[in-house]
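Here the chain labels run A, B and C in written order, and each chain numbers its own residues starting at 1.
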Amino acid sequence: MAVINEKFLVNTRGFTDIIDITQNVKSLVYNHNIKNAAIVVALAGSTAGITTIEYEPGLVKDVPAILDELVPMKRNYHHDDTWHDGNGYAHIRAALLGSSVTIPLIDGALLLGTWQQIVLIDFDNKPRARNINIQIIY
Amino acid sequence: MAVINEKFLVNTRGFTDIIDITQNVKSLVYNHNIKNAAIVVALAGSTAGITTIEYEPGLVKDVPAILDELVPMKRNYHHDDTWHDGNGYAHIRAALLGSSVTIPLIDGALLLGTWQQIVLIDFDNKPRARNINIQIIY
Amino acid sequence: MAVINEKFLVNTRGFTDIIDITQNVKSLVYNHNIKNAAIVVALAGSTAGITTIEYEPGLVKDVPAILDELVPMKRNYHHDDTWHDGNGYAHIRAALLGSSVTIPLIDGALLLGTWQQIVLIDFDNKPRARNINIQIIY
């Protein structure tokens, strides 16, 4: 058994930018020719999250719209009184979404549905460069 | 160390059907007589999720009611313009909830509270058959 | 490879009390001098959750405020008809947040942003003592 660490960089536009990272994860994982493992996909940072969703143009619009109703960008947050950086909403969305997912690798394939992609969602209010870390635990 | 894969099938009614899968997970895990491990419970698919909750009749009504306020079934979603399948809400709920949980196995017992069950929540707008995958990492 | 289990106790005030447990986790993990591992931080129980957030006084006020709009404390829940303990909201918040996080340990350091802390959020409507369990999987 071992833990293998991999990573890659993603440039985002911020503002709840949703980016499909499935191929990045697959190519780094499949390169090791491991059959069965747990794959952790994680990022460091408190204003972005990782989840899975069907990555298609409709949902890429719907998710920010719903989140703007639940945790609005334009609202008074105590966080912004502290830092004046205007991204209080981003911290709360990220805390609710979570910053990692764990996906089984079974017989050499990631356990994902046909219409299920791994996505980075960057909530921050400016473009960011995000390191995505992968752990292969086998 | 090894990773053991197990799975089982659950038939759901959809429409935010909440199904207690704790006994299914326990029987597959405990059968291996392993003392200490991390247990990943995961599903493939973008319209259902996995979490833990106290599985009792009140919450089984409350969770769909709250979710229908946060991410309503009846609302215009761009997703439904794309696919016309009317389950845009289901994709968003699933992305927010997550499609896997990781639960420690300690001294041969899953780390769950007395009133805490592992549940599959199927958000889709029709009955579905769902494969639930378990990984025992030890 | 092995799985190492550790744990520690946290006393909370309940009512969406947010407690920074990063140092507790770091000291138990770093004590083992392991370089690369997946770290699972988990609790047993259905009225508290674990996530990461920037732990600062503003967000510690903002998160309960937002959650009280999304899943209000004062509202009729079927759960409370069953148990009359008034914490239906706590169960739903916990189910949405999740009861564990998995954080990579890379080259001896937890993968956390500069302004990202691991927090326990206790939603229950009374003070509680919570065991937090850690698994080091390597």
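We take it that contacts are C-beta pairs under 8 Å (C-beta built on N, C-alpha and C of every residue); 3 or more make two chains touch, one makes a residue touch a chain.
Just so you know, these numbers come straight off a predicted model, no measurement behind them.
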{"item": "When chain A is superposed on chain C by its C-alpha atoms, the rotation angle in degrees, nearest 5", "value": "120"}
{"item": "Shared interface numbering between chain C and chain B [over half = same, under half = different]", "value": "different"}
{"item": "Gap in Å, rounded to a whole number, between the CA centres of chain C and chain B", "value": "19"}
{"item": "Of all residues in chain B, the ones touching two or more other chains", "value": "1, 38, 70, 96, 98, 102, 137"}
{"item": "Contacting residues of chain A [partner chain C, same complex]", "value": "1-3, 5, 38, 40, 42-46, 70-71, 77-83, 88, 91-92, 94-96, 98-100, 102, 133, 135, 137"}
{"item": "Sites on chain B touched by chain C in the complex", "value": "1, 36-38, 51-54, 56-59, 61-63, 66, 70, 96-98, 101-104, 106, 111-113, 115-116, 137-138"}
